[in-house]
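Per-chain residue numbering starts at 1, and chain names A, B, C and D are given in the order in which the chains are listed.
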Amino acid sequence: MGIEFIYPEFEVVRDRDRCIACRVCERQCSNEVHSYSPVRGVMISDESKCVNCQRCVSLCPTRALKIVKSNCRLRENANWQDETVKEIYKQANSGGVLLSSMGNPKPLPVYWDKILINASQVTNPPIDPLREPMETKVFLGKKPSAVRRDSEGKLDFSISPQIELAMPVMFSAMSYGSISYNAHASLARAATELGILYNTGEGGLHEDFYKYGSNTIVQVASGRFGVHEDYLEAGAAIEIKMGQGAKPGIGGHLPGTKIVGDVSRTRMIPEGSDAISPAPHHDIYSIEDLRQLVYSLKEATEYKKPVIVKVAAVHNIAAIASGIARSGADIIAIDGFRGGPGAAPPRLRDNVGIPIELALASVDQRLRDEGIRNNVSLVAGGSIRSASDVIKAVALGADACYIATAALLALGCHLCRTCQSGKCNWGIATQRPDLVKRLNPDIGSERLINLMSAWRHEIMEIMGGMGINSIEALRGNRLMLRGVGLNEKELGILGISHAGE
Amino acid sequence: MKHYVIIGNGTAAVGCIEGIRSVSADGGITVISAENHPVYSRPLISYYLEGKTDLEKMRYRGEGFYEINGCRVIYGRKAVSVNTSGRTVILDDGSSVPYDSLCVAAGSRPFVPPFPGLETVGKKFGFMTMDDALELEKALSEDARVLIVGAGLIGLKCAEGICGRVGSITVCDLADRVLSSILDADCAAIVQDHLEKNGISFLLGDSVDKFCESKAYMKSGKQIDFDVLVLAVGVRANTELVKEAGGKVNRGIIINCRAETDLEDIYAAGDCTEGYDASTGTNRVLAILPNAYMQGYTAGVNMAGGCSVHDRAIPMNSIGFFGLHMMTAGSYEGEMTEEKIPAGIKRLFIKDGILKGFILVGACERAGIYTSLIRDRTPLDTIDLELTKKVATNLIFSQESRRKKFGGIV
Amino acid sequence: MLKEGKIRIPSGCAIAAVISREGDRMTGESIVSAMKPMHDRSNGLGGGFAGYGIYPDHKDLYALHLFFDCRDTRKSCEAFLKEHFEVVKGELIPTRKMPEITDEPIIWRYFVTPLRSVLADLQLDEKEFVARTVMKINTEMKGAYVFSSGKNMGTFKAVGFPEDVGRYYRLDEYEGYSWTAHGRYPTNTPGWWGGAHPFTLLDYSVVHNGEISSYDANRRYIEMFGYKCTLQTDTEVITYILDYLIRVQGLTLSEAANVIAAPFWSTIESKTDDYERNKLKYLRTVFPSLLITGPFSIVMGFDGGLMALNDRLKLRSMVVGEKDDKVFIASEEAAIRVMEPDAENIWAPSGGEPVIVTVKEGKF
Amino acid sequence: MKRVYVNEEWCLGCRLCEYNCAFANSGLGDMVLALKDRKIFPRIHVEGNDSITFAVSCRHCTDPICQKSCIAGAISKADGVVRIDRSKCVGCLTCVLVCPYGALSPGEDGIMQKCELCLENACGAPACVTGCPNKAIVYEERSDPE
């Protein structure tokens, strides 16, 4: 290729007055942006390689570095925007499907930000979580439709298997392979410490992490990577991944460069081979097939583990969820279109699927309308960014939320959206040993625990403000929500009133 | 309560005092000091002349050292004999000091060959003690021509120390190279070259036939005019006290690894002794400061009823001249490997899968790792030998042994 | 302004209740007087009473109390009733004309029993059928509102202060073994008759003081089971929850209390009795959406008894007292003293701890 | 007694510890002023190759051989910390020769300096530890070697 049509996206701004040429930036950049010129005794940079992951910025001891967006722009054109044109150049260069990672960056509506939360005044006292108990524990799983008693009238306590969570948040599926051993270790340890669950994703479960089994969701995806009996037995729950919010309709894709060593062994596929999950489960072409898989997994694990069915939020999600609720699944996880993938074609990521807020609201209402909301628990994912997002999701009807991007951010991710390159400078989305070791699970798990503890405090604070002292009284409590700047249709789907009403 | 007596007031004596006190605060300690100074660092006398330290800073231990450790020091008195049956030390003024436990740390004295005409030389000095240095200092002048007999550690450090304060310096030695006791020919050549570049002249493989006032007549027939003569030919261990008391001596007082002589309750430490050399497995005089301290310390601990074994002593030296550092350790037996580096040379000596000794000239980083390989007799097949030959680094150890080494309290 | 049913109405209130364990019947006079010292806890926008054992002559018949907005509504409603029930008796509920109570609707009562053929046709038990019929009338029949539907009990409520409402309905002329009363302080409503307490379904009646923060979570859950929260009041949803838990799910009163005012998890985990601990955990796990949070004190009347319950933080006042076979419950002790100046053992039950009083077997 | 420990599993070889050390002991308040255009002489050193790196600084041995070997009596140990009196040191490097960890190196002036745990400089706690981005260097209490 002769001419690279594209000017580098970022500029490395180095303050020569501050730079002490310690070369930390050079040592820490897997993209080899920085180098030291012994002749001139200064650091130099090759900006074309920069992905703006901010590793160098974060580690520069004299804060001599900044990465800024390059201001070399094409002539302004509202229709042919810079990004659009550059994508065309890239495709003309490569002839391939564009690949990116992490969530949809487009300015599509974020309904969470248009929903406001209530608080008590006068007629009902707010509750102070510092002084009163404030409960965030939830149980996920099918609830019995009728209470049973024995001949003496004593209650029969047997119920379908439940997942107990200390707070209504779980770490959602990220496979070992797409993320590193240390990232998994951090998630597993944090989940265990926090009394919540993390999710293996479709890459199997490394043998070192079986000990965290009671805080692990083991995923069964269309590629069936790493699925075997011990794996199913190892977790607290089993998740069937039907789809992923960021790329509904296509399967997972892990480049062969990341299938090395333990990753290959854990996935049970040869080293270096691309792990491409089929778009569908080839044993599930319809809802009745799903039922078969749900019950196969239950049979395999003696009905001791709840089965989660994870689906991408697509247009007829309510009807799909209704079908799943009748398929024997214990939990439905709905993944909104802003969810972050480890690798996805941005064309799909940015254009396929619907926002989680609308999907969640319509599913919850549909299941209630059909009187089967009790059959399943609902888990909402796909860009839950904060404690208030969790509160809003629960009030819309979610039993719990899945977070992944937020967890990765806690681990150091700077959303550079190049996970697919395998050169993650933060040691998260990489299998290169020198990079993997950059994520010390002692720090990673502590940061995750910090994040979740902070969210839990905020959740308790906001709940207390509403006069609610247990999370279950918030679930589906849409009266606690009001919309701003939403139209009648949106309000109707969300099942909330407009602010001021 | 036990009463301890230490003959000598040098490094070994300090080691002995601190060794005793590490076990017990009880019992008095009497220190018999021939010199009229509190303990000071003898090797620093050349640095004193060079102006890198002063008399105050040369004190080896801080103010109040003796008081804090419950010591009585008898200054300016020599022990002339030990009465083992009466358990007393007889001093040169006829007085006696009773002991329950005795440590002989009497050090060494210069060895002066019987040069004819030496008595005709006006300004002649030894270079062992602070008093030697102070005397020498008085004789220094900008145009003084200095002849130093002996190109060993003492002679050369003296040369460095006075270099800037005299007109010229010539060093002569019977040996054909400098530092013949610790360097091989190649390394010595590098050092000699460096010294010569700094203005020191050498007359090697030659020795003084006779002196006549301010002229030395060499065996080779050369004649050297000088104003100041420094005699640094060698030292002899002060073994007489023990020998006369019936103890076993050789070139030094024979001690075992507990610093015991073969006389009851009599220990010995420092330059006057001949102890175990872990690098050769034989007994020899190891007249170096670290060894003096550690022997003294071992003696002290054992004197006070504790248990200490000093069985890892090896000869070793770290020395520098005009910015060029060199380090040597162990014995130069077995196969030699050499690594040439810009700043100098590195030679390791390996025998029976063990590092026996090394010479480093100019590249001394982390040399202690090599020293520890000798002292620990580390089997070289457990480490990365090739890397070891190139550079002293903890990388030569296995991950596991590094984890042990760095993972806990040491 | 939107009236109840169109918008959720929070309100503060006064409650009172009395029961005779021996089943001795008391006129309504005493319970009406009890509301007087708590006058300031109401604002004239609603008062009401429920009496149990007041229709001994028709004790096997469902006593339906209805408001009608006009005669035509009554006529069409009566026609509807007759299609499904044997209507043994239909009459105006006697009232006193008085200046404090105005704008009254047409107030009738019917003593009915469901037609066997209809029950058989729908494969429903009698109570379920009556409950569904009540829901149907209240949601679908404009202008008609069933405000009492139990056997041998009746609810009487109106817009006004409770002591006036009591006189209006001539409660001194009824005798019952237990009574509950309510004075209302809604915060933003024009007030309408149906919105007053007690709220009832079948023989369950609930008087409630408080504002529950879990309302919509509870409502959206309970509506899955055929209930329609037409009034959007706390009392309504609490009544339905209790009906669902006790009648439909067959929980005992205390088990139902353990659901709606569930102990904290920490309390549950500290229970040493295995059955007790497992039971509490089970109930919370199975009915999480029926946990009621926010302040409330309620008295639920039912056939043969009363249950009083506070929210688990006890954010509303409620005291209980006794004298001989009688038990008194009220928002304030003053109300109890009016009913029985010599009441003993006055205590304030802890949050979430139900006080259940029943009439001796065979005495009602 | 808290000591500095290094865990090579997490060492990234970024050498920030060396720079933080040099800065902490520079006596200056700004790293740029302290280190710009200067060769640094830290008291902690990263050793390693392409795949393994680890930082080494004074272990503050229970029985410090450097102290015993110092010809100037410049090294002492008190309260668990091995210190060097730079005014007494003459730069003979005997301590370098004996330290089995290779933990000692001279300063810019050829006089020895060593890790004194930043207890007496402005940092107050080991700067290598506080600045380590990956907890590869920790300052903690440990018992026997594992």
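Following the convention adopted for this analysis, contacts are C-beta pairs under 8 Å (C-beta built on N, C-alpha and C of every residue); 3 or more make two chains touch, one makes a residue touch a chain.
Please read all numbers here as calculations on a predicted model, not as lab measurements.
**Q** Fewest touch steps from chain A to chain B?
**A** The least step count works out to 2.
**Q** Return the chain pair with more inter-chain C-beta contacts, choosing between A-D and A-C.
**A** Between A-D and A-C, the larger count of C-beta pairs in contact belongs to A-C.
**Q** Measuring from the mean C-alpha position of chain A to the mean C-alpha position of chain D, what distance in angstrom results?
**A** Distance between chain centres, rounded to whole Å: 43 Å.
**Q** For chain A and chain C, what's the span in angstrom between their mean Cα positions?
**A** Chain centres of chain A and chain C, defined by C-alpha means, are spaced 47 Å apart.
**Q** So what's the Cα centroid distance for chain B and chain C, whole Å?
**A** 103
**Q** I'd like the Å distance between the centres of chain C and chain D, where a centre is the mean of that chain's Cα atoms.
**A** Centres of chain C and chain D (C-alpha means) sit 78 Å apart.
**Q** Could you list which residues of chain B touch at least two other chains?
**A** none
**Q** Identify all positions of chain A at which a residue touches two or more other chains, and write them in rising order.
**A** none
**Q** Mind pulling the chain C residues that touch 2 or more other chains?
**A** Nothing qualifies.
**Q** What graph shape do the protein chains here make by touch: line, ring, star, complete or other?
**A** Contact pattern: an open line, chains touching in sequence.
**Q** Any idea which chain D residues touch chain A in the complex?
**A** 9-16, 19-20, 23, 31-32, 35-38, 50-51, 131, 133-136
**Q** Name, in rising order, each residue of chain C that touches chain A in their complex.
**A** 8, 10-12, 187, 210-218, 220-221, 223-225, 249-251, 255, 262, 264-266, 275, 278-279, 281-289, 291-295, 312-313, 315
**Q** Using the touch definition from the top, list the residues of chain A that touch chain D in their complex.
**A** Per the stated touch rule, the residues are 17-20, 22-24, 27-28, 41, 58-59, 61-62, 64, 433-434, 437-440, 442-443.
**Q** Which positions of chain A touch chain C when the two form their complex?
**A** On the chain A side, the touching residues are 120, 122-125, 127, 132-133, 135, 137-139, 143-144, 146-147, 149, 154-155, 157, 159, 162, 368, 371, 373-374, 397, 466-470, 472-480.
**Q** What residues of chain B sit close enough to touch chain D in their complex?
**A** The touching residues are 14-15, 41, 43-44, 47, 52-53, 57-61, 289-290, 293-294, 297, 316-320, 323, 325, 327, 329, 364-369, 371-372, 375-376, 392-395, 399, 402-410.
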